[in-house]
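Next up, some structures in structure tokens.
Paired with chain B in one complex and with chain C in the other, chain A is shared by the two complexes that follow.
This part shows the complex of A and B:
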């Protein structure tokens, strides 16, 4: 009974934990501009993150080594440092976007400006990182994040033309107002939102935090294989809501109020209240994960003691790095920069950085010295190679497309 | 490139670059104690022909310290920045290098100690595990 409960809990938190500000914003923007013509990218991204998170979790559980320890060992200090700088910067950008997302959601709920909420959100993130146990942190934010299911309910409540939606998704057409370049630019953004690298840092470090062993592999695989695809379904629901309401009305997504507009039309204030709880939980959860990831990757690269399972006094540098990262994120937001814009760029940069972590994990997952009997099988390697090509293509195409489209304008 | 001479040996062949350099060091309680930055070898003359029959140099210790900058940008750090951990203290070489119990405090941790004693200890909750 306890086993079933823990599996169910794991799956539910994986669903809630899959979505963050990047998924919310990108799916809504894409839905409002392209309808469901990019829904296939979510499917590709979800399969990718399942494969990738599973591999990182397996490496961590079997060898006890988290991602960045391995990257340094395999690539040497010089290349690993370049990799770390890029990963750290993009992670910081995502952390900034998530803290901004929490502030925007609280602004939507209270009408108090986001500048007032930024320090509150940043302080709350720090307190949880400092004091709250890892499993409680994961379960609470994951379960409350499930309120985002309101987006799926809204799709039904809006009584869409189902045939039309299915047609948009299965026979994608680029509308006359959009160019092929913007279509592919947003395809990369959506791919980056589904496969953000911090999820992998966090997943592999979390496996060490929770002292996973080979025995836990089955449970973790199930969490990922069921939870992430259901999270992907919610992503498509967000895009569908935008496609039903925002696309015909030619409404541009510039803030959270447009993202939640379909929910308000479908269910009024009650559903809006639920969706705001969901957005706060999802972005707050992701802010915690990115703040921790900042500490994890630097500590792992430099061989410091790290982890929430230690007393902060036993991992002093780790805690100082996280504190500085949170303050830096809040400081960037205080320049008055639009969190939605930070999010839009952070998902594209995530796509650019994907090969940096994907390749070393793939190499180590094939190293029998680390993995023993759990070394990648032939099927996994075939799929992984296909994804390596997709990831490299997305990474290389991202910057040229960003320049050509002026950031998707 | 000629093949290296194959010398019969007992035990396991370890590639210093692949299996020792940049490996995580764990102390006897399993806590991270730094990263292997270099190796200490027995004396041998550099840049001269080695007469045949000379004994091969041996690894006498692991070196660890705050030298990540020179590891990345090149150059040799002052020897004082590196602390030697005698090979006798190595308990096992695997995906991590485990050390035997020792009284030696690892110098690599002075920043950690400074931050702990000056900052982290003074913030409420800093000395207790998360709940």
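This part shows the complex of A and C:
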């Protein structure tokens, strides 16, 4: 019974934890501009993140060490430093976007300006990463993030033309108002949002935090293979809500407050309360994960003691890195920059940095010295290689498309 | 032999660098501001204003029907206004080269100013600072302003 509960909890946490500000904003923007014509990208992204998160979790469970430690040892400091620089920058950008997301979500509930909420959000993130137990932190935010299921409920409550929605998803058409370049720019953004690098660092370091062994591989696989795809279903539900209400109303999403409109139409103030709690939990949970990831990757690269399983005094530098990252994120937001803009750019830059994150994981997962009999099989390698090609193509096309479309205008 | 190899490597590096800068230059000429010029920027600002006005009208509609809260409606209206202000800033200082662009720019800035005023008035009504205009009228005016701007511009 305890085992079943633990598996169910893991899956629910994975669903709730899958969504962050990048997924929320990008899916809503795409839904309001392209309908479900880009739903296929979510499917591609979810398969990719399942594949690589599972691989990173396996590396951690088998070796007892996080991916980044092994990357430095296996590929040398130079390659690891390139990986670190790109990943740390993207992670910092994502952390900034998430703290901004928490502030914006709290603004929706209170009408108090986001500038007032930024220090509150940043302080709360710091207190939780410093004091709260890893499992509690992960489970509470993951479970509260499940409130975003109201987007799926809203899709049904809005009584859409199902045939039309299915047609949009299965036979994608670019509307006259949009160009092919914009379509592909947002395809890359959605792909980057689904495969954000911090998810893999957090997943692999979390496995070490929770002392996974080979025995836990089945549970971890189940969490990833069931939880993430269901998280992907929620992503498509967000895009569907925008496609049903905002696209016909000719309202393009440019702010977080617009994302709630379809939910309010479907369920009034009750569903609004749920969606706000869900958005706060999802963005706050992701802010915790990105803050931790900042500490994880730097400490693992430099060989410092790390982890929440240690007392803060035993991993002081790890905690200092997280503190500085949180302060830096809040400081960037205090320049007055729009958190939604940071989010939009963070998902695209994630896509640019993807090869640096995922190629080393594939190399390590194929090293029998670390993995023993859990070394990648032929099918996994074939699929991973296909994904590497997709990742590389997305990474190379991202900047030219960003310039040509003026950031998706 | 070694000298020839070194020279070849140097030429290859120069050629690659030149190709990179030519590519970058070509790419930058394709960015919307360069490619579409002032008409493109005006059209973009018009689209942003129309979508913000419609968003404001929908936010007001949901508030009138009591499906939304005062707080959410107020944030939605403020967001819509900020979007119009951003679009205004993007076109206000553009230097037009022909009379069509000048008249479009004038029409746009006038409509934007009016929509910003309507959104500010709606925000004041939601926050109970004033009771005029009636919320229904504010909603209808915003929707009408969006339609008028879109059809008038084209």
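In this section, the second predicted complex is superposed on the first by the 409 of 409 C-alpha atoms of A that agree within 3 Å, B and C clash if a C-alpha of one lies under 4 Å from a C-alpha of the other, contacts with A are read in each partner's own complex, and residues count from 1 in each chain.
Throughout what follows, contacts are C-beta pairs under 8 Å (C-beta built on N, C-alpha and C of every residue); 3 or more make two chains touch, one makes a residue touch a chain.
Quick caveat, the model's predicted, so the values are computed rather than measured.
Engineer: Superpose on chain A as described above, then tell me if chain B and chain C fit or clash.
Structural biologist: Here the two partners, once superposed via chain A, fit next to each other without clashing.
Engineer: Go through the superposed model and pick first if A:133 touches only chain B, second if only chain C, both, or neither.
Structural biologist: A:133: touches chain B, not chain C.
Engineer: Which partner chains sit in contact with A:368 here, chain B, chain C, both or neither? Use first/second/both/neither.
Structural biologist: A:368: touches no partner chain.
Engineer: Could you tell me if A:311 is touching chain B, chain C, both of them or neither one (first, second, both, neither)?
Structural biologist: The answer is first: A:311 touches chain B but not chain C.
Engineer: With the two complexes superposed on chain A, say which partner A:78 touches: chain B (first), chain C (second), both, or neither.
Structural biologist: Touch partner of A:78: chain B, not chain C.
Engineer: Quick one: name whichever of chain B and chain C touches more residues of chain A.
Structural biologist: Of chain B and chain C, B contacts more residues of chain A.
Engineer: First (chain B), second (chain C), both or neither: which does A:258 touch?
Structural biologist: second
Engineer: Report, in whole Å, the shortest distance between any C-alpha atom of chain B and any C-alpha atom of chain C after the two complexes are superposed.
Structural biologist: Chain B and chain C, overlaid via chain A, are at closest 20 Å apart by C-alpha.
Engineer: Which parts of chain A are touched by chain B and by chain C alike?
Structural biologist: Touching chain B and chain C on chain A: no residues.
Engineer: Once bound in the complex, which stretches of chain A touch chain B?
Structural biologist: 63-65, 69, 72-73, 76-78, 81, 130-134, 299, 302-306, 308-314, 316-317, 319-320, 369-370
Engineer: Which bits of chain A are touching chain C when the two form their complex?
Structural biologist: Listed in rising order, the residues are 107-111, 249-252, 254-255, 257-258, 260-261, 264-265, 268-269, 272, 400, 403-406, 409.
Engineer: Quick one: which bits of chain B touch chain A in the complex? Just the residue numbers, please.
Structural biologist: 22-25, 31-35, 64, 68, 71-72, 95-96, 108, 111-113, 115-116, 119-121, 123, 125-131
Engineer: Where on chain C is chain A touching in the complex?
Structural biologist: 27-28, 30-33, 44, 47-48, 50-52, 54-55, 58-59, 62, 66-72, 74-76, 79, 82-83
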